[in-house]
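Next come two complexes built around subunit A: one with subunit B, the other with subunit C.
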Partner chain A sequence: MAHGYQVVTWTPFKKAYDVVMLIAVGVFMTIFIVGGYMTWPDGETLHPVQLALRALGFTAFTLLHVVLAIGPLSRMSPRFKPLLYNRRHMGVTTFLLAFAHAVLALLWYHGFSEMNVFVSLFASNPNYGSIQGFPFESLGFVALVILFLMAATSHDFWNANLGPGFWKALHMLVYVAYAALVAHVMLGLAQNEKSPLYAYAVGGGAVFLVALHLITGVRECVRDRALGAAAHDGWIDVGSAADIPDGRAVIVVLKGGERVAVFRYDGKVSAVSNVCRHQAGPLGEGCIKDGLVTCPWHGFQYRPDDGRSPPPFTERIPTYNVKVDNGVVFIDPVANPAGTPVEPAVVAGAAA
Partner chain B sequence: MTRLIRPKPEKDLFIGWAADTPKVDRRFLFAAAVGLVAGGGGAAWALADAQSAPGPGVWDQGLILDVDGYVVADPYPLIRTTAFGGVKTVLLSSMTKCGVRDRLERLDGTFARIRGSLMQRGPHSMLAVVDDGDWLTPTQGAAASAELSNPQVRSLGRATLRGEILDTKCWYGAMRPADGKVHKACASLCIRFGLPPAMFAKAADGEGRALVMTTPDGGFVTPTEVFLAHVADPVEVDGEIVLVGDLPTFRVQPTSIRRV
Partner chain C sequence: MTIQLAEMLVAAIAVYAALGTVFALVFVTVGVRRIDPDARGMPLRARAVVFPGAVGLWPLLLVFMIRGERKT
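And now, the complex of A and B:
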């Protein structure tokens, strides 16, 4: 039985996003192909199939870098956040390009013989014991399977049905796929070519991505540390209500690492889990829109006082008990089951 | 430890499903889009430009030729012909990654006409025979036939060559590129199913020559798993370079191949 899931609908923004992405893909492939013909000596062009194979491989791998950079970039600056909104299409496009690349490679290099193409894929180069001689094609295969699983489960339907925890874990495999692809290119084309550019480009891409992830990780750690909150009879002091901007939240990081978003709106305070039921977006970085907690990533919404999405949607997130004492907000660190109604705390003086 | 995070209150919060994208976001995203396309284009050019040239092999599959000459099955199926001016050895293959020994044996050592399309790379030639029944027809030997049926065998001396073992069909023109690790799986398939292996050693001046590999007595090299594992790897081999008519061959002890 399927959970309900909200459809992230088409908007002009989403269309523009896809158009830009497809233009970028088209420009990349065209320049790669034309560039090859313009720079090879006369009569020494790559075979068209092999050229297409390379163009597809490079486009897919480059796009994967963009996909992986968007996450940390959007945590560095909110300006990048909109790019998260339709990242799914970028991921699926990456898979489709990689799939076409793999089909051509299988056909061209492993087909046209008496041996089954898949047997050939894994057995034609038996040097599994060597690093330098390692059959790089099998690494591409591993990556392709992961990209397929991710593309196939990228729709919100799967997110709702697999549960965000499992879904997120599955999608973390993208880093395994990425590592496999670094090796796929390093042990494949980069070894074949005289120019060191390919090894530098792949290495540079990896350094860039690792650095981005490290920087955002460290920055978040430091930022989290800088602000302390004290316990108070089991309730947790979240600071003055007046310090929470209207329609916005503070995020409380509990001992176990659980995050709670405490919102102030209309002279009231409510606390809900910081984790969006969709793709675990940080609700506390969102806002109250039309009276609803609105996720900054894809705009899923929840009622602040019971953590439920308004009908017809059925998502639920945990709520937390709140009280306001002398203008100071306290929350009970024990989560209520998802969807439990909690009376919002009234900010004294604000209630009209 | 409990910690508190205060997200920076953004004046204009982007909400994906809202029809209107805030102005700051629109400006930024436009710049990001331009950056993505331009950066991608630049990267594509650099990646394209750095590729090494794949060699001048060609295979015009549309041009079907009838070639008359003397047919030999050993060490590898070939036809010696004067169809291209002078005596020339043209290796034979099927249209796929498969040799034609089984199909040729009945006319081994006779004059015949073979129909197929030609692969060429410098002095190297191979004919991919057509798949239908009339690809091979017996003919009567021409007058100058002794040169075709009985080529001179001349040793050019022993040598240790450093290079790679590749399959003649791909390297003569079926594929570009047709060497190195990216092509290893394909080369090993070709050789496994009967296409002649060749030792490719680069001369100091660039374009090297591929010497068809045979056993020390000039027979075909059995594609054992050990031999196939060395295909396309950097190797060093001791052997004797022997000209059979116009065809340079390299006579080797397959067990003497060393990876370098």
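And now, the complex of A and C:
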């Protein structure tokens, strides 16, 4: 949380995560290079630099698929949630691989030009009006700039100072980068590759990601409708307190689409915004740990009765007034300013 | 894209990056404290991690620094 910035707040899990990821990247690139050599058509020249260039590009592109799939997968099943905890390292690795790919491509294809390599990159192929002959390198450049901005602002300092809304919007540009990369790879393949295998793989990956996001989106809409709560005298009926598992929450969707996490703990009920200040993680899918609401994504914590992170941390989230009537939990749909203390409602007959 | 247009684009990117590099050096040494009290005593390595982002987003950070306040 926002106190005493470090380069990385390492935990044993994060270290294991990074080791597994780097081994997987190494294995993928090795298989790609060995496979590339073994399947290269006889009679066609293949330079090791070209193969390394392709290996770096395809590894980065594949890793980007994993990065984009983790979000929807973890919403479909909690088994995937651990993959979210250090996704930013996967994103930075994606950028570094893509950067290495770009540097090699720039030197190999434009380094021998008499003009500036960057000018050569943009001007050597002037067919911007053609689909088949479009200079796909420029699309890769656009994607690389976006991946750079995302990697460069992945540190908590940026999330805290750009604000969660702006930070999230900036990082949603990953979908623009992905679309540019699909076009970059497809056009590159169309202009340089005879085998349709790569094109099928790229198309399959895109279909997989689109389908995954659509399925998750539809499921979320259906769930939101089911969670839509009825109003009674200005208070929102959340349901029976007994139906909220101890130390957990139910998520209520208000009319404007705002989500509220209603937690039950120690015989009490408190309601806070469902949106974590860190990366907008779903607090209501987390739990009460050490008496604190704990975000399932990166472990940011807040006190349930005032929405404030424990000292020395300074994050605050909005709270909601709450009451329990005949065992039924009600919340006031009007949010209190972030960090406002609210007396928790006591669940009658519950063991403290 | 014509060579002339490409040269202008590359020159614009180079100027942006050069200004960003100069700004980022100032930002990671004194600017971070101005917009974020939590950044006081930030280790040198953490400032180095912040540096590339400051190069990329320097116009925005310049506004933050002039205002002297945190975005959030």
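Criterion: the second predicted complex is superposed on the first by the 332 of 352 C-alpha atoms of A that agree within 3 Å, B and C clash if a C-alpha of one lies under 4 Å from a C-alpha of the other, contacts with A are read in each partner's own complex, and residues count from 1 in each chain.
Methods note: a residue touches a chain if its C-beta (ideal position, glycine included) is under 8 Å from a C-beta of that chain, and two chains touch if they have at least 3 such contacts.
This one's a predicted model, so the numbers in the text were calculated from it and none came from an experiment.
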Checklist entry - Does the subunit A-based superposition show subunit B and subunit C clashing or fitting? => result fit
Next on the checklist: A:P310 in the overlay: touching subunit B, subunit C, both, or neither? Say first, second, both or neither.
Outcome noted: neither
Checklist entry - For A:F13, is the partner it touches subunit B (first), subunit C (second), both, or none of the two (neither)? => result first
Next on the checklist: In the superposed model, which partner reaches more residues of subunit A, subunit B or subunit C?
Outcome noted: B
Item to check | Which superposed partner A:P126 touches (first subunit B, second subunit C, both, neither) | outcome: both
Checklist entry - Who does A:F112 touch here: subunit B (first), subunit C (second), both, or neither? => result first
Next on the checklist: Contact-wise, after the overlay, does A:P82 reach subunit B, subunit C, both or neither (first, second, both, neither)?
Outcome noted: first
Next on the checklist: For A:F166, using the defined touch cut-off, is the partner it touches subunit B, subunit C, both, or neither? Pick first, second, both or neither.
Outcome noted: second
Checklist entry - Which partner does A:W158 reach: the first (subunit B), the second (subunit C), both, or neither? => result second
Item to check | Partner chain(s) touched by A:G286 [first = subunit B, second = subunit C, both, neither] | outcome: first
Next on the checklist: So in the superposed three-chain picture, is A:G217 touching just subunit B, just subunit C, both, or none of them (first/second/both/neither)?
Outcome noted: neither
Item to check | Apex subunit A: angle to the C-alpha centres of subunit B and subunit C, given in degrees as a multiple of 10 | outcome: 70
Next on the checklist: Quick check on the superposed model: minimum Cα to Cα separation from subunit B to subunit C, whole Å please.
Outcome noted: 9
Item to check | subunit A positions touched by subunit B in one structure and by subunit C in the second | outcome: 115, 121, 126, 135
Checklist outcome for this item: In the complex, the residues of subunit A that touch subunit C are 2-7, 115-116, 118-119, 121-123, 126, 128, 135, 138, 148-149, 151-153, 155, 157-158, 160-164, 166, 314
Item to check | In the complex, subunit B residues that touch subunit A | outcome: 1-10, 13-19, 21, 24-25, 28-29, 32-33, 36-37, 40-41, 43-56, 58, 96-98, 175-177, 180-186, 188-190, 192-193, 225, 228-229, 233, 259
Item to check | Touching residues (chain side subunit A, partner subunit B) in the complex | outcome: 8-9, 11-14, 20, 23-24, 27-36, 39-41, 43-47, 50, 54, 58, 62, 66, 78-83, 85-86, 108-110, 112-115, 120-121, 124-127, 133, 135-137, 187-189, 191-195, 197-198, 201, 223-225, 227-231, 236, 238-239, 243, 245, 248-255, 282, 284-287, 289, 294, 296-299, 333
Item to check | Complex contact set, residues of subunit C against subunit A | outcome: 1-3, 5-7, 9-10, 13, 32, 35-36, 38-39, 41-43, 45-46, 49-50, 52-53, 55-57, 60, 64, 70-72
